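Look at the two complexes coming up: chain A is in both, with chain B in one and chain C in the other.
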Partner chain A sequence: MSLKATLLFIVRRLAAMAVLMVVLSFAVFSLVYLAPGDAVDALLGGKSSTPELVASLKEEYHLNEPFFTQYWIWARDALHFDFGASTQTTLPVTDEIGARFGSSVFLGVYAYVLTLLFGVVPGVIAALRRRRAVDRGLVAGAVVTLSTPPFVLGILLLYLFAVVVPVFPAAGKGEGFLDQLWHLTLPAVALALTISAFLLRHTRASMIGVLDQDYVAFARARGLASRRIMLRYLLRNALIPVVTVSGVLLTYFVTGAVLVESTFSLGGLGELLVQSAESGDLPMIQGLTLIIAVIIISANLLADLAYMAIDPRIRFERRS
Partner chain B sequence: MKSDVSGTRGLLRLSALAVAGVMVLGAAACTDNRPDAGGRDTHPVVKKRSVGPGKSVTDKQIPQLKVGVIGKVPTLDPKSNIGSGLYTNTLGLESLLRIGSNGRLEPWLATGYEQKSDKVYEYRLRKGVKFWDGSELTSDDVKYSWDHYRFDGSTRSRYFRNVADISTPDTYTVRVELKTPDGSWKYTPAMFWSVIFQKKFAQEHKKSHGKPGTLLVATGPWKFDSLNPTSGMELSANPYYWGGKPPIGRISVKSYADDNSMALALRAGEIDLSPSIGSPKGFNATAGKNSVTTVAICATTLLSMPTKNAPWDDVHVRRAVAYGLDRKNIIASTQGRAGAPLQMLISPILMRPLGSKEEVDSALATIPVHDHDLGKAKAELAKSKVPNGFSGTFVTPQSMAPTSEVIVDQLKKVGINLKLKSMTDTTWAALITGPADKRPMTIAETGACSPDPSWDDIFLGKANTAVGGLNLANYTPPEVDKLLASGLTTNEPKKRLQIYTDLLRRLGKDLPYVPLYAEGNHYASMKYDIVGYDSFWMNMPWALNVVAK
Partner chain C sequence: MVEGVVSLTKTFEARAKSPAKRRRLMPVSIALCFFFLAIMVLMVLFGPLLAPHDPQAQNALAGSAGPSAEHWLGTDMLGRDVFSRLVSGARSAISGPLVIAIGALVCGNILGLLSGYRGGILDFVIMRWVDLMVAMPSLLVIIVAAGALGGGYWMAVALLGVLSVPFDTRVIRAATLEQMPRPYVEAAKALGVPNRRIMFLHIWPNIAATAFANTFLVFAGSLIALSGLSFLGMGAEPGTPDWGQMLAENQSLLFANPVASIAPGVAIILAATATNLIGDWTFEKISSRGATR
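Coming up: the complex of A and B.
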């Protein structure tokens, strides 16, 4: 696929993303009116009201304007990352999200890398040692890990590595790259283990499928080096399904790690979303929904680009 | 210090928050380390502060104290929702007075106050009190701080709603004029909702005052160096502190999501102390070494019955319930949250300032009590309109479901078969503060209290049957409303003692509520104790009271 075609693809996806965001933002804004009670009740977030507070909210959120005017003002502010103030903490929504965004992304990427490490490598080994003790041991381990919720693993890891052998901190997310790496190791491992067990089985099955292909047998017959066969013929094909789920995985790690965030007191985006939903903090829910939508769309775009890079069939399909 | 006055209902909404949300703060719980229940009167928590205002109770210096709190601190600005800053703000922000032993007021930033009339109070500021930047505290700072809480969308305006005017006759005098005589006002300048910050800094940072990155300037023994709303804060000793060198060099506060992760952190040595935890038994099980200390406080847990709906409108039914309940087993079900059994709506702690120990004790001895007695319970039910028993619904917030199950089981033995309906705390709070005639039989932990007996007015009176009010039992005798009004407008302590004793007698007779237990405050540490840890510990810079175990 030429560079021009790739750029065209990206531009098309970005345009689709923009349209999707407009539709989504409209739905998110409408939450103010879809929530029980009127718009003021929704923005009060369960707090008791006074006439002064109601008047102040109406002015701040332009509630006396027509609906579409309100949406336009809100969307314009949202474009500048201004979602108003949290009804619970009274801090700007952007500040609250910003304080958590970096560590959530760090944790997500860290867990994703560990997932690949713990999932793909043992998966390949299990496939290459099919029906041997190593294979059976790895698959059995994967079943056990797959059956254990991440927060249970988290508590176990905390007890082992923060209390019994205190090599990692029990809570917190740290500051700076190395400190964050140290603080987020246990949470990332807890998040990664369950998913990597799933990935191990996925990779093993995919690898076994590729190992049985004629082109692999032919490559061996041609006397190609094992390393070349592994990298160009086996892994490249076996990892296509893995790449397919990457976007979903990354999004889950960044925004869906609420139980692990709670276990390790990380204060991430997942925890913030749950707290906002519990307390009816509408400006926060609106801001988070849009931010999470952007993360999902971006992660899937990255996955698609990676998919195109490693699978020539996709490139040829698009070219044709 | 002169004076004594009474009354406001300014505190109301705190309890609304308390009932609706303080469960989230986990205000009640208990454990094995129970100095007030075990007669260990030498334990530091039952000792009183014997040092002067601003002084530490110990000469020993602690280089760093690592503190854990559950929840986040989004901002330091007291007029906003400070979250778990409730436990840490007073390390840096001080009030004019403090609540001493037996609920009596003692000097702090003010050397004293004088009640000029029913509605006018004057406070004399201590000279030489300096902010962290070295400038002196003046009456302008006090006025600015209190006006900041009174107006402009402040979450604390309810505590100042009866204030007509605040003026500053001179640099060291603050004068407060109330709209109506108000018995509870005298405590306001001693509570965490009236702490003082610097006017100049606040004016220079109007939009970002108290927020991370800007912080604020105040007079407390520790100054805020940094605040991260997701992880905690750092404080260091204030070099200008008016009380002398603070006993702790640095205080690091870490936020935790729940008891379990904080208990593990305590066990791993990552924190030294948590000034407030939610569930003592669970905490001890995780942290080990009997780390939790519990003190019974003035907050009360109540079983309420809808007094205008059958069959609860029959006083014999309500008495049958009161006799049928075994507080010992109910308290055992709270996992340590309860502080001590309780027989009256207004905690005896709040009655103490109204007279000498003998006077208060003899007044309280006249109040009807209902100890567990199955025979009496069945006899009362036999006198009621439902002598053969009845079935009904008992609504409980999820957080109290285990205790509610015990109550259901106990009342079954009397002949009252209740179906337990458990709901999320938010849904429950909406139901119990909804239309008064729809308020169900329920149980509520109140989680907080002020030092004045009028605090419990929030559960009584016609006014609190309005939507949003907390008269859970829909109990509205006009005589009770009269007693509530007299309690607020009467200044003389002896007369107030009589009024609130009469009120408690009436409540003991009518039983709209069955008080179950005094809730507990709990701190956890293997290394330190907090001297004078009581119902009002967080209203002063409590780290001045930390001593090594």
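Coming up: the complex of A and C.
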């Protein structure tokens, strides 16, 4: 695929992304109207209503304007990261999200690194030792971890490493890099293990597929160093599908983070979402939903681009 | 996603082919899974009769106690018997996922058959919808919906059901496409059998095993998702004995009575592992049978 075609692909994907965001933002905006009661009730968030408060809310959220004008004003503000004020704390939603963004990203990156470690390495080992005891043990372990929700794993880890052998803290997110690393180790492991089981099966299947290829047998026959075969022939091809699933994995990360943050009281975005859903804090729910959606959609785009970058067959597909 | 277990069961099968063991119906691990599911069904049907105590009875004096002869798994903060709540909790752990799995089985099969058999624009529309739905993090969608519309167990079940349909649709469509070029479909078409009859009476019986195998996986997935929602306080009604909720309630008892939160966690893991393994095993049975045909 030429540079032009690549650019065309990216532009097309960006356009699809924009359409998706418009549809999604419309759905998110409509939440105020779908909520029981009218929009004012939803935005009051349980506070007692006085005529002055209702009037000021109607003014602030342009509730007297037609529906589509309201959407337009709301979407324009949202593009400038202005989602209104939380009905619970009356602070701007953007500030609340900004204050918790850091620790969630830290947890996500930490868990992602661990997932690669726990997923790819045993996956490759299982494939190389196919049908032996190691393989069977790893695969059986993967089924069990895959069936373990992150919060159950979180509680088991809490019990083992914060109660029985108290080496890690039971809650909180910590200050500074090392302290954060220490505080977030158990949550990151809880989040990573479930997802890495998925990655393990994927890596193993892909690796077995490559091991059966003639070019690998031929490389062995030519007497190439086994390390060279491993790196250049096996891993390079086997890890392509691993990159493609990373977009899907991110969805799991976001979902899992909600559960893990609540288990360990980390005060991140996921916990904020749960709290605002419990209190019916609509501006907060809207802001969080849009931000999470943008993260998931752009990560999927990145995964596609990475896929194109590493797999020449995709790039040259159209020329033939 | 099933490749992993596939080779595991393959080794079992290779062993089963030796003359002495040829007639073995299923590997021991799968038999254990069915046995565990049978226990679960018993707990659902006769839960209140099996439980040694009333799962709701509170006793402030005997709260947060460890396991004893009277209370096998100890008591929770309100002095309720953990073992009795665990047994009664099977009901809410099973009922929701069962409704979801059956609902998704019916809707997903109809959509998948239509998509695979008719093809064309209908196929395109259904598959784009599937792509969109599969990309959605279902737990988050349900949390957001619960926040805006007010939650509840059955609303979560309904939403999760809708979000599970695309998984069935995708699998059934692929299985249908596999059947399409076979002679019996051609023959039925040539004889002028109505399309609907071909889809449901000719093709479906051939892919029914795939449909049921997938249903086990959907069941396990929704059991995990629903227990997570209950853990967050958005699933089962507060107060009902529910495994996810027990974990959340008893998390603060990790020092006083750790079994109170670990036991329901293990119950979730066992139930999900059993159904996942059965689903994977059924898939493997189908693919190996297809290979020898």
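Simple rule for what comes next: the second predicted complex is superposed on the first by the 295 of 320 C-alpha atoms of A that agree within 3 Å, B and C clash if a C-alpha of one lies under 4 Å from a C-alpha of the other, contacts with A are read in each partner's own complex, and residues count from 1 in each chain.
What we mean here is this: a residue touches a chain if its C-beta (ideal position, glycine included) is under 8 Å from a C-beta of that chain, and two chains touch if they have at least 3 such contacts.
Remember, predicted model here, so these are calculated numbers, not experimental data.
When both complexes are superposed on chain A, chain B and chain C occupy overlapping space and clash. In the superposition on chain A, A:L158 makes contact with both chain B and chain C.
Looking at the shared chain after the overlay, A:A18 reaches neither chain B nor chain C.
Shared-chain residue A:L79: touches no atom of chain B or chain C.
By the document's definition of touching, of the two partners only chain B reaches A:S56; chain C does not. In the superposed pair of complexes, A:L273 makes contact with chain C only, with no contact to chain B.
Of the two partner chains placed by superposition, A:A225 touches none, neither chain B nor chain C. Once chain A of one complex is fitted onto chain A of the other, the partner contacts of A:S262 extend to both chain B and chain C.
Put simply, more of the residues of chain A are touched by C, taking chain B and chain C as the two choices. In the superposed model, A:A217 lies in contact with neither chain B nor chain C.
Of the two partner chains, chain C is the only one touched by A:I292; chain B is not. Within the three-chain superposition, the chain B stretch that clashes with chain C turns out to be 327-335, the only such case among 21-29, 57-65, 291-299 or 327-335. Common to the chain B-facing and chain C-facing surfaces of chain A are residues 155, 158-159, 162-163, 170, 262-263, 278, 280.
Put simply, chain A touches chain B in their complex at residues 46, 48, 52-53, 56, 86, 88-91, 95-96, 99-100, 103, 155, 158-159, 162-163, 166, 169-173, 261-267, 271, 278-280.
Taken in their complex, chain C has these residues touching chain A: 1, 3-5, 7-8, 10-11, 135-140, 143-144, 146-151, 220, 224, 227-228, 231-234, 244, 247, 251, 254-255, 258, 261-262, 265, 268-269, 272-273, 276-277, 280. Residues of chain B touching chain A in their complex: 13, 16, 20, 72, 74-75, 80-81, 83, 153, 211-212, 228-232, 254-258, 260-262, 264-265, 267-270, 426, 468.
The touching residues of chain A, counted against chain C in their complex, run 31-32, 34-36, 42, 130-131, 135-136, 139-140, 142-144, 146-152, 155-156, 158-159, 162-163, 170, 198, 200-202, 204-205, 208, 251-252, 254-255, 258-259, 262-263, 273-274, 276-278, 280-282, 285, 289, 292, 296, 300.
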